[in-house]
Amino acid sequence: MTLQYGLIGSAGRMGKEIVAVFNEAGHENVLSYDINGEQLQGVPDVIVDFSLPAAFAATVNYVNKYKVPLVIGTTGLSEEQFVVLKDLSTMVPVIQSYNFSIGVQMLLRCIETVKPHLKNWDVEITETHHRFKKDKPSGTALMMKNALGKEAPISSLRLGNIAGIHTITFASLGETLTIEHSATSRRTFAEGVLLSAEFTQGKGPGYYSFTDVIDAAI
Amino acid sequence: MTLQYGLIGSAGRMGKEIVAVFNEAGHENVLSYDINGEQLQGVPDVIVDFSLPAAFAATVNYVNKYKVPLVIGTTGLSEEQFVVLKDLSTMVPVIQSYNFSIGVQMLLRCIETVKPHLKNWDVEITETHHRFKKDKPSGTALMMKNALGKEAPISSLRLGNIAGIHTITFASLGETLTIEHSATSRRTFAEGVLLSAEFTQGKGPGYYSFTDVIDAAI
Amino acid sequence: MTLQYGLIGSAGRMGKEIVAVFNEAGHENVLSYDINGEQLQGVPDVIVDFSLPAAFAATVNYVNKYKVPLVIGTTGLSEEQFVVLKDLSTMVPVIQSYNFSIGVQMLLRCIETVKPHLKNWDVEITETHHRFKKDKPSGTALMMKNALGKEAPISSLRLGNIAGIHTITFASLGETLTIEHSATSRRTFAEGVLLSAEFTQGKGPGYYSFTDVIDAAI
Amino acid sequence: MTLQYGLIGSAGRMGKEIVAVFNEAGHENVLSYDINGEQLQGVPDVIVDFSLPAAFAATVNYVNKYKVPLVIGTTGLSEEQFVVLKDLSTMVPVIQSYNFSIGVQMLLRCIETVKPHLKNWDVEITETHHRFKKDKPSGTALMMKNALGKEAPISSLRLGNIAGIHTITFASLGETLTIEHSATSRRTFAEGVLLSAEFTQGKGPGYYSFTDVIDAAI
């Protein structure tokens, strides 16, 4: 399968990774949109949006115009914008996620797997990121707490240029179980986006998460 | 529920932990058997064997005599002795495992959870134990490789008095996922034996693993 | 060298470890003092105090009576009691420390070793202890910050029965350096006390830290 | 201080990092040499060589021609080539190292700091690198064993795209001390080269290691 894809946010750091990974996979970038405007060389099979909420209107226009699936990882969307996403999903497949890492999905699944058995164990979550990350805790740490389904302390460390380490430790009075994810390259997220874009082809309309993509990828 | 239990291997290090944990739970040791012979003070509801293959005949005698369930963690049993265990399991519940740690079971389940999604990722297993552990790799590391279902390098480290650390790391070109279990006390294994002994009560004949005990304990 | 030693706080958890370790080394417990009173069987060569501030007066009496060195790890002493300790040290060797672990001393020395070279690196300190430890951060974490000589965030985790893990990580934009100490047994502190008690023999009066003991032990 | 520098191996991955880091520091690349030949735009104050042994003759020519210091990190030099390096060092400063990471130097110094105190402790070294690294163990792991001054097992793990993690753990029967270095970017080595190039200015002839550079940088 070769895809012709449109990319909103092509000038950003994630945009460049997406182009690199999609090109390696043999897909063709036929539509780019960023702060400098549009570059159009063909009709896209799928729209990918990793940009800012300000570009959301352009994304919606493209999806409506071409009637093709949307993969969107843009953060900071408003509730109104999410309503529009849901609307689009009655017409085409829409895949929305804040984290397109396969490993983070696996971390969350491990938490789901063990939590019914470790109800009485202590739990601590730690997230470590580069010194430039201002917000605490990370969104992924909150996803971990959500998967755990109960309160847990989260420690946030800020160190050098660490791309992102997330750790959860369970402990009884005789043993500990630790599950840790570490991102070693931004490329990993682009690979999850690739998996998602390929997933959309031949799918009916619907609102999908990256979890659905992973489930289908076994 | 209060159990009257028999313990084969009562003088060993695990035997002493089992007595401590069972007593705390309100159970009563009515039969002890070790290198110094038998101490009998009542009729057991369950037999627990953490001893050596040489004591296996005594264990079989007790199970036959009292027609009560058996929980056995003795290592080094021969194939013939396993055949006898299977025979006993047609009459009473028999629970056999090499590792009664809840956390190790969780580690194995995490491996089962993620393996279908991480087929192309690299894998490394590491096990670290005290300097007195002669055999390499540990039995638990082999259980991990077995759960993984494919070949993986195992590194064995021997350090001080570390009770036991088992680690598995999966890695793609952009991320790593690590799952690690650490035993901080021998007590943890005794707690798994307790869970197993309690599990047997009211069960029909059958050959069970510690996994079955965990499944029932949710 | 065989020592006859007196032990203040003999009934406590550290007291029992000290007796075990000192006895293994061939030393003889000739004086015990705890909440139940005194047991005297000889004249001590050294007094060891791991008790509570309330027993401090008894300790001072023994040191004055026998004119022998003192090794003291009791926490919570008042400023007045420290003045008394300093006074005693003009007559006999006094060794005072809050942490008799050789490994913690090594951790502190590594911090001293690297800090002049890593002035612009980020730093994070983490300490993990059992769920029963109420105070945060640990005294050892504060010693680490003190050795570092500048402000650093300290994250405190409380998990199961972990005896104590202390970690410091330095990070630039291209690398990280982590130094971590983990206590696997209370015994380790008793071994530091043993080293200290042996260090006192033949020493002149003075106020010593465990660092001095370590320096002399190379 | 602004340097005009020459770079042998400018087309390689390290070469590109060096250009980026030197340019950020305000230095000017006036001489490049790689497989495509020479590009000359001025007279260098220092020659940097991160290439292959095959380019060594060109490097020697440049150093002789301009009588300027040399910083060399090229691996695989023959004994004869090292003799030539020593010769050059009677005329200009020559800095040779296999690892220009400040953090690795700190790791080695921590080993030096603790080793006289931990003679009886167990030791294990672990090195983890990306799947493409064929040789085992890594050169840095050997430097660690050398700093330790005694035999120690080295475990080598190969995982994903990990840039390089080196760990040494010391353990007694009651505690462990772990020192770990992790490279998060190739940039870190280029920064060590920068430090070395700046170190050479105003120095007399001599054969220096990266350790000398670090010592001078406090």
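Descriptive notes on the structure:
Chains here go by letter, A, B, C and D, matching the order in which they are written, and residues are numbered from 1 within each.
One rule holds for everything that comes next: a contact is a pair of C-beta atoms (placed from the backbone, for glycine too) under 8 Å apart; a residue touches a chain by one contact, two chains touch by 3 or more.
Because the structure is a prediction, the values reported are computed rather than measured.
The chain pair with more C-beta contacts between its two chains, of B-D and B-C, is B-D. Although chain A and chain D carry the same sequence, what matters here is overlap: shared residue numbers make up over half of all numbers found at their interface.
Put simply, the C-alpha centre of chain C and that of chain D have 40 angstrom between them.
The mean-CA centres of chain B and chain C are about 38 angstrom from one another, to the nearest whole unit.
If each chain is reduced to the centroid of its CA atoms, chain B and chain D end up 49 Å from each other. For chain A, residues that reach two or more other chains under the stated contact definition are 160-162, 171-176, 184-185. If you sketch which chains touch which, every chain touches every other chain without exception. Looking at the complex, you find that chain A touches chain C at residues 121-122, 124, 126, 128, 131, 153, 155-162, 169, 171-176. Interface residues of chain D, counted against chain C in their complex, comprise 101-107, 109-110, 113-114, 116-118, 170-189, 191, 214, 217-218. If you check the complex, the residues on chain B that touch chain C are 160-163, 184-185.
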